[in-house]
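Each of the two complexes below includes chain A, the first together with chain B, the second together with chain C.
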Partner chain A sequence: MMEHAPALAIAIPLFAAFAVSLIGKIGKRIRNMWVILSLILTELLVIYLNYEILTNGIHTYALGAALPSLISPGGFPVRIILEIDAVNALVSFIVISITLAAVVYCWRFMQAISKDREHIDRFYSLLLLFTAGMIGMSFTGDFFTLFVFLELTSVSSAALVSFFRDGESFEAAFKYMIISAIGALFLLLGIGILYSQYGLLNMAAIAKEIMLHMSFLDKVSLSLIVSAILLKIGPVPLHMWKVDIYQKLPAPLVAVCITSSLVGIYVLSRILFSVFFVMGSLSGWIIIILGVLSIFVGVTMSLLQKNLKRMMAYAAIAEIGYVMLGIGTGLAAASKDFGFIALSGGILHTLNDALNMGLLFLITGAIFYATKKTDIRDLGGLAHRSASLSALFIIGMLAVSGLPPFNGFVSKLMIYESVFCLNPLLAVVGILGSILMLAIFAKVFVSVFLGTPYRRKFKKMPASMMAVMWIIALFILFLGMFPEMAINNLVTPAADALINHEAYMGGVI
Partner chain B sequence: MIVTGLGSWSPLIFLLCFATISIIVFFIRCLGEKECIKEKEKTVLFFSGNPPPIENRATNIYWGFFEAMGRYYRRMKRIHSGVVNDYVYWFVFVVVVIMCVVIFL
Partner chain C sequence: MISLPFIAVIILVSMALFAIIFKRNLIKIVMAVHIMGSGVNLFLISLGYTEGGIAPIFTNAPGMQMVLPTPQALVLTSIVINIAVVALMLSFAIAIYARYGTFDTTKVRLKG
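And then the complex of A and B:
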């Protein structure tokens, strides 16, 4: 049974998504339990896969084969092949953990923002589809399935963006649909070029062909695929759609959307490290430049915003920039020690970003739940009404700004020091970004939490929402105090798996 | 202890140093002025001894930074038009740049 864990980790949320509307007819409590149960099952499968991979190495699974291990009959990979190693196992663990936390948070949050039961049924259905798409994108070992799962995430998230059913939500959803469709077309074109040359869709098999000879068409295909994936990740200057949709999505869902960008970063890393590794140095510099741009533009634009969600959205773009800076340096200097540390820092920052930005968006959601406001000019003195929320915000603020001894500091330190070896100017921009990040959240803290007590209507926050935020905050503190546990057991094996492209090819060929 | 490239990092050593410095700071603070500043004086803006040019609120604490970066922000606001055509334009621009870099370099 457990040999089918990779397929089940995708199938369970997919099945649960279609069943939600039916189960929702019985009652909202049973529907909520169903959603949470399906995510807990998926989480257990992903934890099992992480354990198995760290113990036994890469896990491959052929969908539709008589035996799941029948990957390449006659030395030629056929069928849909899922290939799971330490990187995508870690990414899927982050995705499912944050989604589970967001769903528990949503239990009471969604009741407060919509009374329409069927509307919430659809919300959960789309959220589960979105989760299945993200896990599928992480696990897949072939390009066409990647395209299918990318489309699944795009369509479900576009529908989720229009959740509030007002003019701005529909506009944001429409923009996102156009952007996703164009990105998907470019991706499909790139995949088509590869298929026309090699008659293959499997990533490992294509990597083997490219290793022998990189043609002009391969370069065209690389450009198209990388651009399409970058559009999904949303670094500057491809970030503008992100701010629109983050503003219109319910706050807990933004926390899930952040993990979707991280899945995009994983896919980009997989393609550049494992398939087009011949172009490593050049593509590394492209990623570095986009990362640095994202850091600078993200923090400076965030400083300007008055709406909490838009402010956080720009901060999230800057955080993605740090991950890209680390991974880009890992690519550009793959053969050097500092390249490996930069890559490890980038991977660790993936985990930290999901936790820190996830917590801050959940706090934004809690502020909205309590006050029905997201404009910082309408808020102030909330610390007098909820000391616990203020404490959570301080933890999130210090962690995302990379201050010691919080988790963000460790990953950023690893990135700065290794990037410094590549080019000191990059480290300067990174540190400047961190300082501005602190300035952004200091402004939010002063405007929203300090000052005279908030006198308007303030709804008490339910225990489930507070519990989720405190659990994430405790993880942040734990990772800050004991970073070596995450680095030794999760990050280093993941960085090893990315660097070692021959092992990835060997899993299939 | 984690190796971070050029150095290393231990959160426990940091916390130990932080606690020691905090105790010293607290000791110095205890030596300071005992009388508190009047409430009204606490909220008066200090602008190098001159009267402040604007009425400043907490949401506008980086007014000076925005003034100094005025040109950059005007340009950025123009780029962030919110029009989907512009989003597509930037995507096409990135595709062209990446393609040129990958093919010709």
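And then the complex of A and C:
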């Protein structure tokens, strides 16, 4: 039973998604229980996989084989293969935990937003499809399956963007769909070029061929695939769709959507590190420059926004920039010690980014729940109505801008000190970005929470939403106090797995 | 030697990209996405083609030359996905038309 854990972790949310609208006919409560139960089951499977990989090493699983361990009969991988090592186990763990938190949060949140039962049924089934797509994207060891799951996440999240059914959300969804359709077709073209040369689709097998000789066509397909994945991640020159969809999605879903860009970052680093093995300056510098641009533009644009969610969306882009800065430095200086630290910092920052920005977006959702407003100018003096919410916002704000004793400090420090060895100017931009981020969030805190008490209608927050936010805040504090636990047990094995591409190949061949 | 299908692929994909970037009509953009999908599918299918090959059904062709089966499986999946994408985009386009009464992207807030 447990040997099928990788396939089940994708199959359970997929099955649950299609069963939701059927079970929704019985009752709301049962449907919510069903969604949460399926996610808890997936979470347990992913935790088991994490544990198993950290003790036994890479886990490969051949779909449809007589024995799941029968990967390459005759030294040639023929089936769809899921290959899970320390990185993608960590990434899928982040994805499923944030999704679980968001779904528990949604229980009361969605009741307040929409009364239409079937509408919420569809919402939940799309959310589960989205989760299945993300887990599939992170587990797959096969290029074509990557394409399929990429399209699954794009289609389901585009349908989720149009949740509120007003003109602007349809526009955002249409824009997002064009971008992701172009991206996916680029990916398919790149995969086709790879297939034409090697007759293979398996990542590890292709990696072995490329290591022997990297041809010109390989470079063409690398650039096609990387640009496709970058369209999915959305760093600065490609960020236009992202702000729109973050503004239009219901707030708990934005937290899930952020993890989907983190999955994109994982796929990018998997392709650069493990498959094409381009540890050199050029590709690393491209990622670094995109990351620095994202930090700079994200922070400055965030300063100008009047809408709370839009402002957070730009801050989220800046946070993605930090992750890319770390990964890019790891790529550009792969052979040196500080490159490894930068890579670990980047991986730790994916975890922190999901927690911090997730918490902040959940707070935005709570403010929307209580007041039905998202414009910063309409709000003020909320601290008099809910002290607990303002305490949460302070935690999120300090964590995002990288102050001790919160988790953002640890990962950002790791990124700064290693980036400084590569080029001091980059570290300066990073630190400036952090300071500006603190300034922006302090401004928002003052105008939203302080001032004359808020007198208009303020709905009381349900306990489940508060509990979810406090649990995330406790995790943030815990990771900030004892970072070495996460670094030693989760992050260092993950960085090792990325650097050590021979182990990845060895998992299949 | 560059064969005919690959030239067709290049024409289709570049035509579609041109239309996506420069056309103002939502329906034309959706059509362009579909054309691009067809171009990529044509690329995949022509990769697996061998001269004089027949359909890759093993019992049908003892000892004869078959075209490669994997690209055909890929293209089948990709066609289905492409149809889903186009259907979703068309439904968005209809919803936008219902809200704004136009398909023109210069009149709607967003640009292509």
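To be clear about the criterion, the second predicted complex is superposed on the first by the 506 of 509 C-alpha atoms of A that agree within 3 Å, B and C clash if a C-alpha of one lies under 4 Å from a C-alpha of the other, contacts with A are read in each partner's own complex, and residues count from 1 in each chain.
Keep in mind that, in the parts below, a residue touches a chain if its C-beta (ideal position, glycine included) is under 8 Å from a C-beta of that chain, and two chains touch if they have at least 3 such contacts.
None of these values were measured; they are calculated from a predicted model.
In the superposition on chain A, A:283 contacts chain B only, with no contact to chain C.
With both structures placed on the common chain, the touch criterion links A:443 to chain B but leaves chain C unconnected.
In the superposition on chain A, contact is made by A:175 with both chain B and chain C. Shared-chain residue A:209: touches no atom of chain B or chain C. In the superposed model, A:226 lies in contact with chain B only, and not with chain C.
In the superposition on chain A, A:303 contacts chain B only, with no contact to chain C. More residues of chain A are touched by B (comparison of chain B with chain C). Shared-chain residue A:196: touches chain C; no touch with chain B.
In the superposed model, A:502 makes contact with neither chain B nor chain C.
Once chain A of one complex is fitted onto chain A of the other, the partner contacts of A:183 are limited to chain B, with no touch recorded for chain C. According to the touch criterion, the shared surface of chain A, contacted by chain B in one complex and chain C in the other, consists of residues 174-175, 178, 182, 244.
Those residues of chain C lying in contact with chain A across their complex are 13, 17, 20, 26, 29, 33, 36-37, 40, 43-44, 47, 68, 70-71, 74, 77-78, 81, 84-85, 88-89, 92-93, 95-96, 99-100, 108-110, 112. Contacts from chain B toward chain A in the complex involve residues 1-7, 9, 11-12, 14-15, 18, 57-59, 61-62, 65-66, 69, 72-73, 76, 79-80, 82, 84, 86-88, 90-91, 93-95, 98-99, 101-103, 105. Contact residues on chain A toward chain B in their complex (touch as defined above): 174-175, 178-179, 182-183, 186, 216, 219-220, 222-224, 226-227, 230-231, 237-238, 240-241, 243-244, 279, 282-283, 286, 297, 300-301, 303-304, 306, 338, 341-342, 345, 376-377, 380, 404-405, 409-410, 413-414, 417-418, 420-421, 439, 443, 446-447, 450-451, 480-484, 487. By the touch criterion given at the top, residues 144, 147-148, 151, 154-155, 158-159, 162, 165-168, 170-175, 177-178, 181-182, 184-185, 188-189, 192, 195-196, 199, 201, 244 of chain A touch chain C in their complex.
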